[in-house]
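Each in structure tokens, the structures are laid out below.
Consider the two complexes below, in which subunit A is the common component and subunit B and subunit C are the respective partners.
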Partner chain A sequence: MSRGQNTSSTTSAANAAILAAALVFATLPLWADKGLVFLAGIVMVQIVFAVSFNLMFGLTGLVSFGQAAFFAAGAYTAAWLGRAVPELPFLIFCLAGGLVGALLALLIGVVALRRASGIYFAILTLALGQLVYTLIGKSDALGREDGLVGIKRPVIDLFVGTLDLSIGDRYYYFLLVACGILLGLLWWVWHGQLGRLLAALRQDAERIRFFGVNVRRYREIAFIISGGVTALAGALVAPWSQIITPAIAHWSYSALPILFCLLGGASRFWGPAVGAIVFAGLEYATRTMVGVSELIVGGALLVVVLAMPGGIVGTLSLLARKLTKNGKERLNEQSA
Partner chain B sequence: MVGDFLLVGLNGMTWAMAVFLVAAGLTLIFGILHILNFSHGGFVMIGAYLTYTLINQTSGPTGIFVFLAVAVLCAAVVGVLGYVIDRTVFERLKAVDDSYSLIATYAMLILCEGGVKLVWGPDFIALPPPAGLDGALLLGDLFIPSYSLFVILSGIVVFLVLDFWIHRTRSGKVMQSVALDPWMANVLGININAMFTTAVVAGFALAGLAGGLLAPNQSLSPGLGGTYIIQAFGVIIVGGIGNVRGAFIAALVLGMIDAFGTVYVPEYPGIFFYIAVAGILMYRPQGLLSGIR
Partner chain C sequence: MVRTTRRNALKLLGVGVAAGALGMPWVRNAQASGPYKIGFLGSLSGPAESLGAPMLEGVKIAVEDINAAGGTNGRQLELVVRDDKAKPDVGTAAARELVGEGCSMLLGVVSSAVALAVSAVLQQEDAVLITCAAHSMRLTKEDFNRNYFRITDNPFMRQRAQAHVMAERFGEVTTWGGLIPDHEYGRSTWECFDNGLKTYYPELAKAEPTISKPVMTTYGGSDYRNFVASAMRDPAVGFFVSAYGGDAITMYQQALPYGFFKKKHPIVDAANEFIVARAMKENFPEMWIGSHWYSGAFTGNPMNDELARKMTERTGIKFLDGFIGEGYSAVRAYAEALKTADSGKTADVIKALEGLTFDSPTGKRTIRAEDHQTIKPVVLYRVRGASNADGIEVVEHRVIDGATVIDPATPGVKLTF
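Right, the complex of A and B next:
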């Protein structure tokens, strides 16, 4: 991709937007009602979910349709451990959730990445994801269809003292920090050496293979990181919503990150985040209208996919580039 | 014991033919256009709801011929919807990436769900089988619902008609050539755009027909489209996407595995379907049969 001299102004505009969004999320409990704060917490987790999914989708170019399985694996592991061994610290539950998600991704990746690619990979991951969904929904230890209820918000031991996250909006701020750290990690992967290699795999896997790179292994690594971070997001959401049901393992939950990515723009790191926020806004605005809600969400999605292939972020940056270009040309004409 | 065995086989067969009815149009459209139509289940659902409304318009007990006529009428209505969608949406999806068309059609599934909720409401609706199909046949000590036999027969008839069309008629052969090499077909003077549209309309009409025939099979709810599509996805991918014969065989194989699996492991009903899909795709990633044949 060629970069014009106006990139810096677009980048600074984007940075300003990210900063503004982070500020809105950080100050939300001060001015918004409880329902909105709860929704914002869910959206933060969904942003991590979608951005980690995009490591496979936007960066590596593989559509996994079973991502919800990892989210559920993380959430159920953390919640189940919280019941079985409540004396252990909360961070252990989260890490265990992430680990289980990464292991599950390793397993599914070995099966699905072996030969399948493209649409077959999508359907194979869908089938395996549904397998996890069915297992969770029929398992007594995980509460069958009713899920696990009454999940407690934890007390964290900080060595100098303890921090009770069940009070007020504390867990919200904890989520904010945790999601920020996870996004930072993903940012580092996306922009680092591994990220560049994965992007190259998307563009021309055959050529990369000729350079002596084990293509399948790197796809598996991407899948494991993606699944592990998704599972961490799931582990974080359990104490926030305080109830988890098999719905978070269902295929329609796997469709969410794909939706966010295409809505926001899969080729940019922050695209899925924009998609998640816009989608939540649409749903929130139409929540009371039975049927109309689906029509608006489905219609908006259809229009974006058909008319804006780069998603919202892609289209905006294209617009910005055109605008600044026109402005510069006009400036040049005036000076001439 | 033998009776139980037969009954389980019959259940598997009923499931297989019901899913094949849904999968037939889906695999046909993919075979020609290479678009995996996520909304297919949504249009099956619309066909089922339309059938419910039309049958409630007729007074008195519905006979089997009225029922069939209604199902065919629904096929025609959904076929016309298919024409509109071909012009407005599919036309633009031919050039884009697989994942984009998957999501664009997923958006249409959401639209179908919204439409159904608006028109028919979010609650469950039940449609009894028509007169003549609401009873059961007694074969020895085996109790067979006649509606199950009807679903099995419908699946087989639809398969035979489709297979005859694709393999034994001129227009079917032309369709195969368009699927294999649209450019060459175009050079040979075949109107490929007309063939694309024909495939989409036929696929949607099959969705409407499936909805009509299967409407009494289960209670209707706005989530039905999603349930249908996932099973149909499994069947067509195992059969080899785009291959009608493959879909028929895959439906039978998966139906039997799931039916017998559920008997032996009753704690996890439905799980064997997914295990079988994953297992078969591990060894034959391209599916049992491949290409449009």
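Right, the complex of A and C next:
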């Protein structure tokens, strides 16, 4: 078996896994209870949240501890517009949410990326994220600490008719499609020219600077894309959960995508997605173990992170390579 | 090696459908016969755990009592429990999950923010919720919906009753301040107490009260010293506090070294029952506490006495929290409603609950048909630390007829003073 065939078989297995996951998400409302369907919707949004975060973390090599601020900016913008100007199309609310997130990323990026990198960048983004959290909690228009409750699911005008997404599982399928499109966009960025340049920046920013590349500018671009897509994910979640509270802007919410990346593997595009699914599965499985649930989830995560430095996807990939190599050696021995 | 082919995709789809057919535990199901399923949704972890856990005990005792007596309509009650962690998003997810498991009759909920969030999705999920402690006035006013019921009193009843007692007993204390958590419940309680002071001081104490702007505190915090220091600077003598659960324990303990309780008197606590008193024991300062249910106030009521006996047997605790009585009462209300709504369908249950009069540990209660607010007695007691085996004592208690202090039923309309 040639090296090309090895790669091909690994890719084929990965594609099959992605297809299987997509099928599970797509068929979930047919066989699962409402609670699980609701959770799956949240997980889909969190996958977009984590993958967009990983554009900064895994690809560009910068840790933002304030990512939840973008998520909250998108969610609150869409929900607030939905109340203030309900006659506007829902897609405008989503786009506005994404735009506000991107603008916020631009502003934070201008401050945080000018001189800071590494831990200083992380602390600066954490501080600015907490500022957003505090502002939301003090804002009467945004419901202060109680948040915005009773957010309606939209009716979309399709020109030839309307589609009421509040009926049945329609909004779930809308989320599925929207998250799929956003993940497609992130895939394109990750695997395209920009993605390769960002990966090079992570590996050796100084060398890239010598090539005449404006390093800060490209980091800002990555930050804006990451912030914008995260905000779009936030805008999508508001009508799904039908409530948003300042908790989604809190630093502990910013820790979620970091956790997903470490769990699933930050070096792979789908790593954070796997992390988000595994984390949700752990939480769901232990939800009735009141008082010990957090201990079990935390302990399990600790074991995975310590035992699998490359995350679940990295480790599985390593195992697959070893198995293929062993199989090839056995085949050679038999042939001999 | 697995190839990505249409055949493999169909196989995977088949596995999913087969899982549904095999009836796995997480698979969608419906409740047509068998036991009536009741979903408990409450704070079983986090700062409000000390409020949610006793509520669940009351629920369990009621379910056991009803099942031991043959159930309702010959059908047993089955309890499914979920923790809302006092977080609105977790609460709505848990409520949806409970409904998905066939529990369209929900009860519990400590936090007003959770109650408001869950209440907003009840009609969409075709479920009904009876809250046992959530006090926000919005629930029966501007955010009212027909699928929501409150089994206990509300801030209009309780905080105005507290203000009434203060005007009656402490007419000379005319300056008042507050330590209020900055969320819906906190603001709701303060508005009602403030209004009560303005109403009853001129009437009973023949004096106009001077009311300071309250100190707004955080929820779930660990350091309340800055808030206590602000309250110490306030010239107000009497203080109203509506922080609750773990927050109240932390705040009261941090307030002790400041001499807060020596400088400020009387203290009115909105709803902490015996939770903080049991934690601080002999160090607990004297205060007037609002309660959902106090067994000592209803001695002679067989349901009250039996509930108190069972709960003390289980826990060894003498001073029982009112949340127990409310959890117990909510199950009793459902059981009584199911006698006429034997289908267990949400629309039938709502209809049966509206205007329902039923027995509870505080005596007969009636759920007002218009706004689903229950008419029940308001209970207050004066508690302080003591050098006895329990470390605390109830000096006196007051029971006020709920019908005399209840707000007018105005569903859909914001409460204004």
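Everything that follows uses one rule, which is that the second predicted complex is superposed on the first by the 331 of 336 C-alpha atoms of A that agree within 3 Å, B and C clash if a C-alpha of one lies under 4 Å from a C-alpha of the other, contacts with A are read in each partner's own complex, and residues count from 1 in each chain.
One rule holds in what follows: contacts are C-beta pairs under 8 Å (C-beta built on N, C-alpha and C of every residue); 3 or more make two chains touch, one makes a residue touch a chain.
Note that the coordinates shown come from a computational prediction; the quantities given were computed from them, not determined experimentally.
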item: Partner chain(s) touched by A:L88 [first = subunit B, second = subunit C, both, neither]; value: neither
item: Subunit B versus subunit C as contact partner of A:G118, first or second or both or neither; value: first
item: Touching partner for A:G291 - first (subunit B), second (subunit C), both, neither; value: both
item: First, second, both or neither for A:L163, with subunit B first and subunit C second; value: neither
item: First (subunit B), second (subunit C), both or neither touched by A:L39; value: second
item: Partner chain(s) touched by A:L19 [first = subunit B, second = subunit C, both, neither]; value: second
item: Shared subunit A contacts, counted only where both subunit B and subunit C touch the same residue; value: 290-291, 293-294
item: In the complex, subunit A residues that touch subunit B; value: 57, 63, 111, 114-116, 118-120, 122-124, 126-128, 130-131, 134-135, 138, 251-252, 255, 258-259, 262, 290-299, 301-302, 305-306, 309
item: For the subunit C and subunit A complex, residues of the former touching the latter; value: 1-4, 8-9, 12-13, 16-17, 19-20, 26-29, 44-45, 81-83, 87-89, 92-94, 96-101, 113, 116-117, 120-121, 124-125, 143, 182-184, 219
item: Touching residues on subunit A, where the partner in the complex is subunit C; value: 9, 12-13, 15-16, 19-20, 23-24, 27, 30-39, 42, 137, 144-147, 149-150, 166, 241-245, 247-248, 287-288, 290-291, 293-294
item: Parts of subunit B lying in touch with subunit A, wherever the complex brings them together; value: 36, 89, 92-93, 96, 98-100, 102-104, 106-111, 113-118, 122, 226, 230, 233-234, 237, 241, 267-271, 274-275, 277-278, 281-282, 285-286
